[in-house]
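One structure coming up, written as C-alpha cells, with questions to follow.
A, B, C, D and E are the chain letters, set down in written order, and residue numbers restart from 1 in every chain.
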C-alpha cells in the first residue's frame, strides 16, 4: 500500500517537476484566465444575465481542463516513456492516479486565479457554486486522465481527446451550472459526487487495459 | 508564381489527407462547438437577448479555432518533417500559406455545422453576420497558423498558444460581434478586412524567420 | 562595458533634478483642478508614464525589426530590454490609472471603458511575449521568434485602437485632441517637465538594464572559459 | 538441464491481416544468451516487445518465468523523459523499481557509461549516442534477471560499443542474467551466444 | 584546383554558454567525400545541421557554393510524416523539389531500397530500418549536388548497408556529387574518402 502511494507520489512529483522546469505554468494560467475574461467582455455586452456568465465560466473551465489534459500525456509519448512506466510499475493504476493528482493540481491552480477574478468581474460565487467546481474538477481530472491516455495511445493525441472527453464531461457541466444557478443546489452536488465516485472507480480499474495490449 | 501555388496546394492537400486518414481534428472541433452551444443553451435562460447569443457564438468560434490551431503543427513535429519542408521549399512562406488553407478548411467545416445550429436554437444570422464570420475566420487562421508555429518551437505549447493567440484575436471578436449586432455593419466589415490584410501580410513575411535560425 | 558609465550617471542625476523640478511645478505652478481637486495631480504622472510605455514598446519593435534585417545579435537584448521597460511602465500606468479611477470614479477598474481594456489587452500581449521568450531554447531561433512577436505588437496597437473606436463609448478622458492639448499653459508646462523627467528616467533605466544584462552574459562566458 | 526461462511456441503476431511473425518457436535457458537476427522488417522488434510484455501475441503461447519487473529493456526509443535530466530520469525509475542504495547505483552507472559530466543536462539536449547510453543505464538500473536489448550498439561510438560488449560479457559470465539481443552484427556477441534465432521476412 | 564547394573557417556553435563546436575549419572540393568522425557528443550532428542550413553558427564563417535546394540530407530523424505512406511522402517531396518524371524516379528509388512492397504502408508502421531506407530515398530523390548524411548506415541490415555503400560509391564516382558523411565506421567508406575531419569533445 505505502509502496503504491510511493509510486503515485514519485509519478506526480515528476509531472510537477516537468511543469515547474518551464517555471511559467502559474503565470501562464493567470494570463490565460485574464485573456479569456477579456474575450468574454467583448463578447458579452453589458446587459447579459448572471446565468449566462455562469455558463461562460463553465465553458472556460472545461476548455482550460481540456487544454491541460491535452498536454498531460505528451511527455510520456515523446520517447516512449509510457512504455517505460508500464514496465516499471507493479500496479499500473498508479500511473493514472499520479496523473490525476498532477492535473488536479494544475486545474486547481488555474481555478484559484479564475474564480476570484470571475467573482470580481462578472457574478458572485456562493458556497454551493464553489463546491460544484471542486467536485466537477475531480471528475474532470479522473475521467480526463483516462480518456487522454486512450487518446495518446491512439494516433493524433490532443484532438481525439475532446471527442472522447466532451460527451463524458457534459453531465459535469450540467451539474456544475446547476449547482451555481439552481435555488436547490444539493441535488446537483449529490449528482456530481455520485458521478465522481462511479467514474473514478471505473477509470482506476480500466487504466491497466488502456496502456497494455 | 504558379510553382509557388503548386507548393501551397501540395502542402494543403497533405494536411487534408492526414486529416481524412486520422480524422482527429475536425470531429473534435465540431463536437466542441456544438457542446459549447448546448452548454449555453442551458445557461442562457429564455429571456436573454439576442446580443448575448451572438457574443456566445463568437466565444465558441474563437475557442474552437484554438483547438484546431493547437493541433495544426503536430504532424510536422513528429519526425522532424518541418525541417524537411524548410529544406525543400524555395519560399518558406508557402509552408505557412498551405497551413492557413488547411486550417481554414477545418474551421469552415466546423462553421457549416455550427452556424445553422446557432440560427436554429438562438438567433437568426443575416448576410453581414455571415460575412463577418468569413472575414474573421481568415484572420484567425492567418495569425493563428503563424503563432502556433511559434508555440510549436516552445516548451509547454498547449498553455502558450492561447496566450499568444487571444490578445491578437480580440480585435477580430470586436469586429465580428459588431458585424452581427450593429445596425451599421459595413464599418465593422471594413475593419475586419483591414485586419486580415495587415496581419496576413505580416504573417506571410515573418514566417521564414519563425522556422529558420 | 562597465556599469560605472560616467555619462549614464550624469543622465541619471539630470533625471532626478528634472523630476524634482516637475514635482515642484506640478504642485506649485499648475493650478488645482476645479472638480477633482488634488487627485487630478495624478494626471502629470499617469499620462507621461503611459506615453513612455508606448515609446518603450515602439523601441522594442524597432530593435526587433533591425534584428530581423541584419541578424545583429545585440538587437535581441535591446529589443527585450525595451519591451521589459515598456511592461514596467505599462504596469505603472495601470496602477496610477487605478488609483485615479478609485479617486474620481469610485472603482479600481471598469470594463465599461474600452480604452482601458485595450491597454489591458496590449499589456497581456507583452506578458505573453515573456512567456514565449522563456519557453523557447535560447539561441538564434529564440531571437527571431521573439522579434517577430514584438513586431506584431506594433501592428496590434493601431489595430486595437481602431477596434476600440468602433466599439465606442468613452469614459476615459481625452486631452490631446485635434485642436491641441485642452489645458492651460501652466498645466501644459508642468506636464511637459514631468514628461521629460519620466522619459529620461526610462532611458536611464533602459541603459542600466542593458549594461547589467551584457555584463551578466560576459561574466557567464568568462566563467565558462575558466572552467575548461 | 534446468527448465527454460523463456519458452515460445508457434508464436504469431499480426497487424490487421498482415502477419509479422509467423510460427516462431524457441526456448532460452536461465543464464543463456539468445541472439536474434534478421533483415530489416523481419520482426525482431516485434518479437522483443512480445517478450517484455509491451505487446501480446495474436496466436501461440509464450511463457516467461521471470517477474515482469525483473526485466530490463532497451528498445528503439529511449523510454525516458526528454525534458528531465539524466539524473532525474534514473531517480524516477529507481524509485519505481525500488532500487536499494539508489543514489550510489545511479552514480556508478552514469560514471560507467560516460554520462556523469552530462548528468544535469536535459535529455533533449543529448546527442543520439548519449541518449542510447542513458537508455542502457535505465535498463540495467535494477539489475534485471532478463535483459532484452534491441540493437543496443546502434548510435554508440567505438569506445561505447566496446564498453557495452564488456558489460554484456560480465553479465553473461555472472550466470544469473539471461540475455536476449536483437542485432545486425551477431559477430560482436559470438563469444557469449548460447542460442540463435534467425527471423526471415514473413 | 577548383574553388572549394564548402569552406568553413573557425566555426563555433554554442548552446547558451556551452560551446559544442569550437574553431572548426575545413574545406571540401566539388566531387569530394568528407568523412566526419568523433566520439558521441563531439558535435557531428551539430556540424551537419550547420552545413545544410538548419542551424546557424554562433561565430566563424561558413560558405557553401550550392543552392540550398540542391542539398540532400539524412539526419537522426527521418523528416517524413509518420501518418502518410512512403509513396505519399515521396510524392510531396518530389513536388516541392520539382523532380521531373516524379513517379518513375520514386518508383525506382523505392525499388532500389527494397520498400516497393511496403510503399502503401504508413511510415508509423515501418520498422526502424525501413524508416532509415525511406529517409535515404527522400534525401536522394532530387539528385542533390551535395549529399549530407548523418550516420546513414545506422539501423540498416547487412544487405541494406551494402546497398548504401554501393549507392555512395556510384555517387562519388559520377564526380558531380559532393558527400559529407558523419559515421562511427569510417572504414566502410575508406575507398571513397577524399578528406577527413575528426572532431573531439569540445
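FYI, contacts are C-beta pairs under 8 Å (C-beta built on N, C-alpha and C of every residue); 3 or more make two chains touch, one makes a residue touch a chain.
Since we're looking at a predicted model, the values are computed, not measured.
K.L.:
What chains do chain B and chain C have as common neighbours?
P.N.:
Both-contact set = A, E.
K.L.:
Go ahead and name the chain pair joined by the largest number of contacting C-beta pairs.
P.N.:
A-B
K.L.:
Tell me, please, which chain's centre (mean of its C-alpha atoms) is farthest from the centre of chain B?
P.N.:
In terms of C-alpha centroids, the chain at the greatest distance from chain B is D.
K.L.:
Going by the average position of its CA atoms, which chain sits the greatest distance from chain E?
P.N.:
C
K.L.:
Could you put a whole-Å number on the gap between the CA centroids of chain D and chain E?
P.N.:
Chain D and chain E have C-alpha centres separated by 29 Å.
K.L.:
Just the number, please: Cα centre separation of chain A and chain C in whole Å.
P.N.:
Between these chains, centre-to-centre, one finds 38 Å.
K.L.:
How many Å are there between the centre of chain C and the centre of chain D, using C-alpha atoms for each centre?
P.N.:
The mean C-alpha positions of chain C and chain D differ by 58 Å.
K.L.:
How many Å are there between the centre of chain A and the centre of chain B, using C-alpha atoms for each centre?
P.N.:
Taking the average C-alpha coordinate of chain A and of chain B, the gap between them is 25 Å.
K.L.:
Residue numbers in chain C touching 2 or more other chains?
P.N.:
121, 124, 127-128, 131, 135, 139-140, 167
K.L.:
Which residue numbers or ranges of chain B touch two or more of the other chains?
P.N.:
If we look for residues of chain B contacting two or more partner chains, we find 22, 155-156, 160, 163, 166-167, 170, 174, 212-213.
K.L.:
Chain E: which residues touch two or more other chains?
P.N.:
Counting only residues that touch two or more other chains, chain E contributes 15, 55-56, 83.
K.L.:
Could you list, by residue number, the parts of chain E that touch chain D in their complex?
P.N.:
Counting only chain E, the residues touching chain D are 15, 38-41, 45, 76, 114, 118, 125-130, 132-133, 151, 154-161, 184.
K.L.:
Quick one: which bits of chain B touch chain C in the complex? Just the residue numbers, please.
P.N.:
These residues of chain B touch chain C: 146, 150-151, 153-156, 160, 163-164, 166-168, 170-171, 174-175, 178, 187-188, 191, 194-195, 198-199, 202, 206, 209-210, 212-213.
K.L.:
For the complex, which residues does chain B have touching chain A?
P.N.:
These residues of chain B touch chain A: 22, 24-25, 27-29, 31-32, 35-36, 38-40, 42-45, 47-49, 51-52, 55-56, 58-60, 62-63, 67-68, 70-71, 74, 155-160, 162-163, 166-167, 169-170, 173-174, 177, 181.
K.L.:
Going by the contact rule at the top, pick out the chain C residues touching chain B in the complex.
P.N.:
Listed in rising order, the residues are 68, 121-122, 124-125, 127-128, 131-132, 135-136, 139-141, 144-145, 147-149, 151-152, 155-156, 159-160, 162-164, 166-167.
K.L.:
Can you tell me which positions in chain D touch chain A when the two form their complex?
P.N.:
Per the stated touch rule, the residues are 52-56, 68-69, 71, 73, 75, 77-84, 88, 92-93, 95-98, 123, 131, 138.
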